[in-house]
Amino acid sequence: MRCPLIHLNLHIIMSDQGIWLTTLKAETPQKGFELAIKLSRMGVKYTQPDMEVLHRLRPKYAEDPMALTAASQVIAIHYQTIAAANNYWK
Amino acid sequence: MRCPLIHLNLHIIMSDQGIWLTTLKAETPQKGFELAIKLSRMGVKYTQPDMEVLHRLRPKYAEDPMALTAASQVIAIHYQTIAAANNYWK
Amino acid sequence: MRCPLIHLNLHIIMSDQGIWLTTLKAETPQKGFELAIKLSRMGVKYTQPDMEVLHRLRPKYAEDPMALTAASQVIAIHYQTIAAANNYWK
Amino acid sequence: MRCPLIHLNLHIIMSDQGIWLTTLKAETPQKGFELAIKLSRMGVKYTQPDMEVLHRLRPKYAEDPMALTAASQVIAIHYQTIAAANNYWK
Amino acid sequence: MRCPLIHLNLHIIMSDQGIWLTTLKAETPQKGFELAIKLSRMGVKYTQPDMEVLHRLRPKYAEDPMALTAASQVIAIHYQTIAAANNYWK
Amino acid sequence: MRCPLIHLNLHIIMSDQGIWLTTLKAETPQKGFELAIKLSRMGVKYTQPDMEVLHRLRPKYAEDPMALTAASQVIAIHYQTIAAANNYWK
């Protein structure tokens, strides 16, 4: 496994992902939240593109609420961006 | 358990949640705070939708103030978003 | 103890807290800072409303500056919100 | 020691601190940075006002760059607030 | 290895990196996301410019979703900056 | 060693640092990034001004990508401030 944020071969990885994000616009606050989850997940996938490693990691932290809380935090940060992009659905 | 942020089957999970967020508007700063808690919690629930796992995790960290502090931090981040959405209730 | 951010019975907990936040306005930057501390603390209290558990947790981390630093960080995040709400007391 | 963010007797603690913050204005970006450090430190002091405990904690983490990095992070968050309050010294 | 954020010989390191960032503009939200990844990675590279050390670190945390989540968080913070720089691609 | 954020003798430390920051303006996005690194590093240096301790800490975390990721995160937070100060180099 590559170590997170170290020595990514970004050009290859990026071309591997295809087009997955064309707009930050979301119809509703909830759809915006779900987009924030997608961004959080893609941050992981770009960092560790080896799907086999990702599969192997699944059972880990099964008993670790800290990991779930950390995931929720990444989502919260992305949600700030998306809410701003949608003018907070005002 | 799925590992946080790894390999979510987002389409299925998202359709499972129903409609739970239609607006970021909140009548008062306190109701906005409570909405921030809801968003924080939903970040966990989308990440780990298996309720049985969530139940099993409950007793964990019973002695861990760090986990409570981390939870309070996620709430604080979402509260920034909600406060902005409500023009800080000015 | 309930695990942070997992499975809160929000409706009951929220009605238990009474009215504790009616405005983000603070007379001075210092009073705003103290309000940020209050918000940080309430994030913990909503997450773990069982006062007996909270009491039991007190002696923990007595030797842990990391926990104090983490608490200071939550306060800093809320202070951003409150400072914005008060137009930075300009 | 009280656990961070749990069960602070805020009224007593706050009156104990005296007046320490009257403005977020700083003459220069550097003085603003130093004010951010002060805010970070006060977040700790409000959370753990027992000076004897704080003294006892000093030698800890002597070998822990993570703690220093975490401290630097709290400062960075407060610096965002102070820089905004000073219109980024533009 | 130098300890993160401690005692960087910044002048030498910075001149070593060449020109790698001339604009925060990105054509699409996805390209902006990929720029955020680049910034996250450069934050590591400036902090630890010894490529041999970076190579040695790779196999570590192979089983650590927390590290992947932390990486995703850094990306999320940089993405806020880049999205703002691009007016959220509105 | 003093514990991070605890009991800094700020007046002495601050006068020890000399003038190191006179503006948040940076000519290019890259120079702004390098300024963010400097701010991150100064946050550590103010917190632990004892250079001998800092030297002793260097070899630590040699195998710890988490520490590098955490450093990258502090840089990201400061970069938000600096980018805003430079109107995102628009």
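A, B, C, D, E and F are the chain letters, set down in written order, and residue numbers restart from 1 in every chain.
The criterion applied here is as follows: a contact is a pair of C-beta atoms (placed from the backbone, for glycine too) under 8 Å apart; a residue touches a chain by one contact, two chains touch by 3 or more.
Keep in mind that this is a model prediction, so the values were computed, not measured.
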Inset, instruction - Please indicate which chain is farthest from chain B, where distance is taken between mean Cα coordinates of the chains. - result: F
Inset, instruction - For the sequence-identical pair chain B and chain C, determine the rotation angle of the Cα superposition and round it to the nearest 5 degrees. - result: 60
Inset, instruction - Considering only mean CA positions as chain centres, point out the chain farthest from chain D. - result: A
Legend entry - Separation of mean Cα positions, chain D and chain C [Å, integer]: 16
Inset, instruction - Mind checking the centre-to-centre distance between chain C and chain F? Centres are C-alpha means, answer in whole Å. - result: 27
Legend entry - Set of chain F residues in contact with two or more other chains: 3-6, 40-41, 43-44, 57, 60-61, 65-74, 77, 80, 84
Inset, instruction - Give every residue of chain E touching chain F within the complex, in rising order. - result: 1-8, 10, 14, 19-24, 39-44, 46-48, 53, 56-57, 60-61, 66-67, 70-71, 73-74, 77-78, 80-81, 84-85
Legend entry - Residue ranges of chain F touching chain E (in the complex, touch as defined): 28-30, 33-34, 37-38, 40-41, 43-44, 51, 54-55, 57-77, 79-80, 83-84, 88-90
